[in-house]
Amino acid sequence: MKKVVVVGGGVAGMQTALSLKERGVEPVIVERTGALGGKLRNFHLLFPSMTPAAEVLKSFTDQVASSGIEVRLNEEFSDFSTDAPIVIASGFNVFDARLKEEYGYGIYDNVYTTVDVERMFNEGKVGLKDGSVPRRIAFVHCVGSRDEKVDQRHCSKVCCITGVKQAMELASLWPDAEIFNFYMDIRMFGPGYEELYQQAQQEAGINFIRGRVSEASPTIDGRIQIKAEDTLIGRPMKMTVDMLVLIVGMRGTDGGKFYRPRDLFGGSVLSDRPNVFYAGAATAPKTVGESIAEGVMAAEKVVQYLNDGN
Amino acid sequence: MAIDFGYSVSQPRAVDLDRNDLSLAREIVREMPEFSACIACGGCTATCTAGNLTSFNFRLVQTLVRRGEYAGAYAEMNKCMLCGKCRLVCPRGINTRGVVRLIKRKLGDY
Amino acid sequence: MVLNSWREYEKEIADDRYYYARSCIRQNFFPGSETTFLRIMRQLGKDVYDDPRHTSCTGIGYHTDIVPLDTTMAVVARQFALMTEAGYENMAISCITSFGLYTEILETWHEFPETEQRARENLFKATGREFRKPKNIAHTSDIVFHNREAIRQMAVRDLKGLKVVEHIGCHYAKIFPKSGIGGSEFPYVLAGMVEAWGGQVVDYPERRHCCGFGFRNYLVKANRGFSIANSRKKLESMKPYKPDFMVANCPGCAMFLDKWQYALAEMENTTYGADGRGIPVLTYEEMAGLVLGYDPWEMGMQMHQVDVEPLLDKLGVDYDPAAKFLGRAGKYIGAPKPAGVNSFEGDRIYRIKN
Amino acid sequence: MEIISFYSGFVIPFLVGVSVLFAVVVYKFGRWFVRLPVEDRRLVRKNFFSRATVRALGECFMECLLHRKIWKVNPTLGYMHTAFAFGWFLLIVVGWVETVAYLGWRFVPLQGHIFFKFFTGGEHHWLVMDILLWYVLSGLVLAVYKRFRSRTLGMRRTTKLTFGDRVALSSLWFIFPLRLLAENFSGVMAFWWGYSIALGIFFVAMPFSRYMHIFTEVPLIFLRRWGIRSGERESSFDHFQLEACSRCGICIDPCQLQRDAGFRDVQSAYFIRDRRYNRLTRRVADNCLMCGRCEGRCPVGLQLDTLRLNSRHTLSGTPADGRFEYARKITNNPVISNECEKSTGQTVIASENEAICSNSQSSSSHPLGGRGETKNSQLSTPRIGFFGGCMTLLSPRILQSMEQIFAASGDDVWWADRNGGICCGRPLKLSGDIDAARDMMQMNTQLFEAQGITTLVTSCPICLRVFREDYRLEGIEVLHHSEYIARLIAEGCLSLRDSDEKMTYHDPCELGRGCGIYDAPRQVLASVGELVEPAETRSEALCCGSSLANFVVDDASQVAMARAVGAAFEATGAARVVTACPLCKKAIGRTSSLPTLDLAEVVAEKLNND
């Protein structure tokens, strides 16, 4: 019997493979990059519990290693015509912040994305380009989310909580820094998220300003001036910050779009083809936990498919 | 007959949707349905040249119009230079300049 | 649910032996109402002590930031001292603002005992008096409410078929909800009387809204437009219910709901009530007095801005129209000029010639 | 020779038609001419006896009769138009000669010429007349065919007809077959009656239909040759342009609103139709990119964009009323904007002007050499003002690139609007608010003059066009940044690394068709990479779809147009799309799979910094 191909070695893919193996089906993980772990490898602490991403990642890679699942790294899977069961767990791409040119990513020093911040935390080097400590930091929510102008109509779902989490992390790292989060809506849907948000407001002293940043420009002293409307006051505002963090959204991996599942209920891991399944953020923005849960569900459906077929 | 007591009755500040005549607002939205897709992010007002020099607040004024609060909207919209920056930053892709002209046409002297 | 909420705020009201604290402004605006209260109490066989030495509580001065809190406390302490000296323990307070102020001061003394100590010292230094805090304080509307059943039994008529708007003064329960019957959201003190005497209470959207007096809002002319706007808001809101009359338990509210109808008629040519004759505004004592069969002119109802005759007719009160502006001993007290809400020839049956 | 009466009952419809036609045309032309503005009439007087008149005659022959320009669009279409116009013209002229030849030099009433064969009983007949009639009939066959299969004549879409058009067109189609029948079956009176009625109906309908263009194009050509043009306000001359439009529909195909966004009733032919019949709506007047693609192809050479602009002015009722006085806060003294910040307690950013100036002063001894000197020898204090315009302000990469280019050039630069400037006024002008736009232009002019600049460089073609067309900037040279950069390269002031990267170039409408700048950006591109042209380029270039001139289209339509443009660039095989307009850059970059850059970015990237 042919092995079940799991496309993508992130948490969703690894969980799918583990669950398949448990049910006696032999999976093979095909991973585009040189290591398992997907986006989780770039993350530092996971919201809302602040669990180290490395810890979660290690438990998965250890299980994959000990279960003897075949893993093919540095391989791009493209043979979708095969009749072997395929589980697409290709996750998402991070939105390229350079497309929002007006925010100056890649143009001005000290404009970062949330992904950069996670990486800086992992590398243990958080700070401005010249190594100094910022006095003022602004986070811009919804960069590459809910924006027709970059063909990203959807809400990326996890960015609100990511922005809040990182604001708190920076606040505890630099207690003297002033931190401002510019948001359109704060969408705190998950368990413990609202609590974290409240903690950010009340304990970490993060300032939440309701308004979308329209543009950033450099100042004479190398800082960044941003403009927004404080919509709750109804007046335009501007401020100069030392560090601008763009909270970037997720872009789909199906030519920039997310894969479309058969339906959003019982068929959320099914595709229009009987032997193709989905798991994780390939179909929509999802959290780590939700992606793992879908891995289990996808494995279950694959097993059902195999049993029905034979 | 009115006697002047030296003060007048203050008008209520509440946006009274029972009293406001929304027919014009509905007509405006019907002509440009995208107008009601606004998520009030304020990007337009932030980037607006007029908005940074005067009380003009495009987001606020167009919202007021949608609520049937037409007073003063025409005069406010007249501050718009139609430069189009707001349209470039609008995440909902609203034809903001079209909205300005539509409101002016419906409330003003076209 | 609603009924439960109304019942949740029960307060203890003393049954007898009241020390009567009068209101400053009611004696001008509705001069017959306090006398009527005393008459009702006498008819009920209650002991009410009406003390001529008693003064203003300084409430208006306090709320307009003119009288400092310490002064106010000392003045209130003196009223308590007079009560103590007279041998009474239950305070019956005629004015809503006084009632609120007394409640507030007793509450402050409870939370910050040092302020009570200071008030005692100040009072002693100034007058040599000492006091005991009242065992029970009640607004006089509370007391009428308390006796509503007894009054009903003595009644000569009821309010059947009449729609009544009741209005509670803000200082009655909005400061300390527990100090009012029904609390601040479901004040039952006047509604209870209306229901007990057969009337129908009107529940309208702006029922809980302030009349707009607000001290500084009325007293400062620049703010007066705001004051009248609040009354108008209430009048507009109750208009579709076609109330037969309003009843209020606050001196300012009764006064403004009544007099602003005149001002609105003059300023904006807007009148309320059937045929634009205005909606009569009664004090709860007047309402109780009418139920008990008292003569409206003896209760001072000729002093109302909005004529009460149409209401008296509905109630079937046997009154002498010609006696409206005849005071005690038949002496002519003068009649107001015709005005916006009150200029209907039909109402003015009686014209006094000097 | 016998006496011919030249009268028969059937000529009445014809005579009535001709009389009505003559009366209406004379009335219309007379009225329009009398109402021409004084300056226009002065031009007529001045140029009446000049070579312009002769040229106009020639043009009338080439365009009104031969339809030379339509031949260029499509030869079959050209043949069709020529067959009708020139064929009919020759029928009349040769017919007249024929009459003269037969009857001698004597007065013959009009109907005598037209129904010559009837009155002479067909005994005298020139073969050439038959050939001419068949020539016209061949055009007619094509016209009928075009109604149903326009594509074969090079037109994907043809114009929708009005009622007057339908009447005129139907009668026109009947004229020549009936004439053929009447002349060949001379005894059948019904054919003569039909022929006369068809002519009569056509002539009556003519001045109220698109066929009015047959007459109007002639005075239009003369007036135009004498130097009269339509302007930003409506004038009597506009009538000559409006009624010279034959609604041939050539303007419809190039229109991207039609092609990519599905708008079918806003194209110039329809705009002119609506305006001519007094039923122009704002929706139609405002729904135009003013890209100029149709204007370039109009066989009658009508000023389509100008006419639309002055219609917008007429439809706009907002008085200027000094409603932009607030903008003086910025333009009266650019430093004030910083003071404003102070007073509102917001962060103060030191004006960058001084910093840039000092920077460039220190680089006046730049090794790239000599530029400071060459300029100094020409002008005492050469000073460049850079005006990014609203759109550039939202494209920081262009600003940053210009900063690098200026630094390399060693020029003394004043940044006009980096810390907030006001709009150039062109968008307002495009909306028809001419007076308000003038206020804005005047404020910016004051600002530029106060700064003592000698050259005004802008990276925005929208601003460039209004600076050149409407501003009076005495002593200030206005350059697009592509021209400025091209000049720097030509003078050897910029050292650039050439590469073999394939780049394609998008001509912004306002820069190309608007200001005629096609070569400067191409020269610049050629010095940093290899230029590959898209299918439609230069004066034929597509619009990005986000033109500020359009006040109607929604986001989806803009995206649809941008996608079509993007696809054309992808087809070139280029690695990157380069344009020279911040708005085009945003519009195309939104959907294109290729990176889309401004010219300045490519240049800055290739600067030799050592």
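Going by the order they are written in, the chains are A, B, C and D; count residues from 1 in each one.
Here, contacts are C-beta pairs under 8 Å (C-beta built on N, C-alpha and C of every residue); 3 or more make two chains touch, one makes a residue touch a chain.
All figures in this text were calculated on a predicted structure; none of them were measured in a lab.
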Pair joined by more contacting C-beta pairs (B-C or A-B): A-B
Cα-centroid distance, chain A relative to chain C, in whole angstrom: 65
Chain centre separation (chain B, chain C; CA means) in Å: 46
Chain centre separation in whole Å, for chain B relative to chain A (CA means): 38
Where chain C and chain D are represented by their mean Cα positions, the distance between them in whole Å: 80
Sites on chain D at which at least two other chains make contact: 393-394, 555
Touching two or more other chains - residue numbers and ranges from chain B: 47, 52, 85, 88-89, 92-93
Touch-based graph of the chains, sorted into line, ring, star, complete or other: other
Contacting chain pairs - touch in the sense defined above: A-B, A-D, B-C, B-D
Parts of chain B lying in touch with chain A, wherever the complex brings them together: 39-48, 51-52, 57, 59-60, 85, 88-93
List of chain A residues in touch with chain B within their complex: 102, 142, 146-149, 184-185, 210-215, 227-231, 234-238
Chain D partner contacts - residues on chain B that touch it in the complex: 34, 47, 49-50, 52-54, 78-79, 81-85, 88-89, 92-95, 97-98, 101, 104-105, 108-110
Chain D residues touching chain B - in the complex, by the definition given at the top: 282, 286, 315-319, 321, 323-324, 326-327, 329-330, 390-391, 393-394, 420-423, 425, 427-428, 430-431, 433, 440, 548, 551-556, 558-559, 583, 586
Contacting residues of chain D [partner chain A, same complex]: 346-347, 349-350, 352, 355, 393-397, 400, 418, 555, 589-591
